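Here the structure comes first, spelled out in structure tokens, and everything after it is commentary.
Chain naming follows the written order as A, B, C and D, and within any one chain the residues start at number 1.
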Amino acid sequence: MGPGAGASAIDQQNAYELGKLIAQEGWVLLTGGRNAGVMDAASRGAKAANGLTVGILPGADDRGISSSVDIAIVTDMGNARNNINVLSSDVVIACGMGAGTASEVSLALKGNKKVILLTDNQESQRFFKSLSADNLFVAKTPVSVIEIVNKLLS
Amino acid sequence: MGPGAGASAIDQQNAYELGKLIAQEGWVLLTGGRNAGVMDAASRGAKAANGLTVGILPGADDRGISSSVDIAIVTDMGNARNNINVLSSDVVIACGMGAGTASEVSLALKGNKKVILLTDNQESQRFFKSLSADNLFVAKTPVSVIEIVNKLLS
Amino acid sequence: MGPGAGASAIDQQNAYELGKLIAQEGWVLLTGGRNAGVMDAASRGAKAANGLTVGILPGADDRGISSSVDIAIVTDMGNARNNINVLSSDVVIACGMGAGTASEVSLALKGNKKVILLTDNQESQRFFKSLSADNLFVAKTPVSVIEIVNKLLS
Amino acid sequence: MGPGAGASAIDQQNAYELGKLIAQEGWVLLTGGRNAGVMDAASRGAKAANGLTVGILPGADDRGISSSVDIAIVTDMGNARNNINVLSSDVVIACGMGAGTASEVSLALKGNKKVILLTDNQESQRFFKSLSADNLFVAKTPVSVIEIVNKLLS
């Protein structure tokens, strides 16, 4: 999960790297599916490593889909599809921060999902730790995200 | 698409055969994902032919999922997930009939999707043809369903 | 519930009359909320009798709302909001028929709701009776719809 | 909007007072509708001042509804109904904080809605201000919330 149009260059680099590492672990990558920001970068990374990618789209058809999404789920639910994103994920990784990403982290914590923040943003780290000390993790690099996920899944 | 608990033996045979043929065409099978009736039979058929299966689940977690579903989408939307089922499909195939299946056929026609009925049920054939003469097709066997899909996609 | 753009003149007359009668009973009228067809006619009828009207809108804001809706619920869920329409209703009344209305009747029967059809359409009467003999009722006039609802609620 | 089971005593006092003031302004109160925490307290406050209350429920029926809700909207969408809560509101007021409330504030900001935080929680103030300087307001008392809403609506 992560910003679309508002994603920073470093968020997109991290997302690409994360997508690649997720595919190399043999995991399926699930994103919001649009051709923008973190969603697109992560999907491109996963395809570069021959991964399988799922995109949960907000619109009523697949317009605006990332060309790196293999399986498109068309919800026509706008941002309410963010709840499907997190409920369908074994672990939620937030790469960067914005209002949409914040809703996904919040919905994930509400749904008792483990969440890993990959962002330098201090306000978001402090806030989400205050919401859930147990299910919220912070990582500094894509590699350390993968290490945390492996611990959580084992 | 098709009934869960209320599926007849012939519906389930048809669904299994359909799943197998869909996989043999190299298509992805998308169902409602539960371990019941047509959803489960179609997914089993697809896996028997090494297909890829997606299940759009109604609940808040993957309890009750068919063991033949590869990719679980967890919606927590109950029957409103039926709209996602049809919007995410290139062609909608209804195998048997019931209230849930009728909602999927109706939502598909409302969303301008092509629908193929694989059922002897005369009332449903007449009713859905009256709703949409252009987008509604009737087939007698799984093989003829596949022929219709191939024509629609070409 | 009933067609929007495709509503016939008689459907709209029936809907207006129904809205009026519903308000006169002191009931709250709930519709799909748009400024079209049966939804708008029923809401106008209810307001003519000083009723309270709720509209469950498909879009992301209240554009296209009927000017006779008092309380707008903005879902941004497209046709999936049809499930909310029926789950929020004590009794579902279908005035006329179309693909969207058919999805509402189907979802209502799936959700164990009582449904009254106010339509001459023989195909829809036969089809929905075949889905649920117990929960499906047919009426010829708005007045007889109200009589059935009163029996069902008592 | 605000916590259910996890609401503090002061959150519930604030919510009750807010509900009362909202009703006295002649506005409709919309909450998550459940018989818990901030939702219930705000609805009780509004009814104490003869207001009209709407509850957007997460479940498939009205079990667990606050007895102070006049109009129940049954969504069967779990926490995805939080998006409907904020889209249906002219102004979103968060009374207290928790994971669900955080998702509502986030979805509101994503949907370009004005949000007023009524909470001492410093982490949430800093975080949400960092997401949206323009649409996020902080108030210390129910009375000052109403003042801000009046300015925003004028």
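The working rule: a contact is a pair of C-beta atoms (placed from the backbone, for glycine too) under 8 Å apart; a residue touches a chain by one contact, two chains touch by 3 or more.
Keep in mind it's a predicted model, so treat the numbers as computed, not measured.
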Pair with more cross-chain C-beta pairs in contact, given B-D and A-D: A-D
Copies subunit C and subunit D touch via same or different residues, half shared test: same
Interchain centroid distance [CA atoms averaged], subunit B/subunit D, Å: 40
Centre-to-centre distance between subunit D and subunit A (centres being mean Cα positions), rounded to whole Å: 28
Touching two or more other chains - residues of subunit B: 60, 76-80, 83-84, 111
Touch list for subunit B against partner subunit C, complex: 77-84, 97-100, 102-103, 105-107, 109-111, 121, 123-124, 126-127, 130-132
Subunit D residues touching subunit B - in the complex, by the definition given at the top: 60, 76-80
Subunit D to subunit C touching residues, read off their complex: 28, 52, 54, 56, 60-61, 71-77, 83-84, 87-88, 111
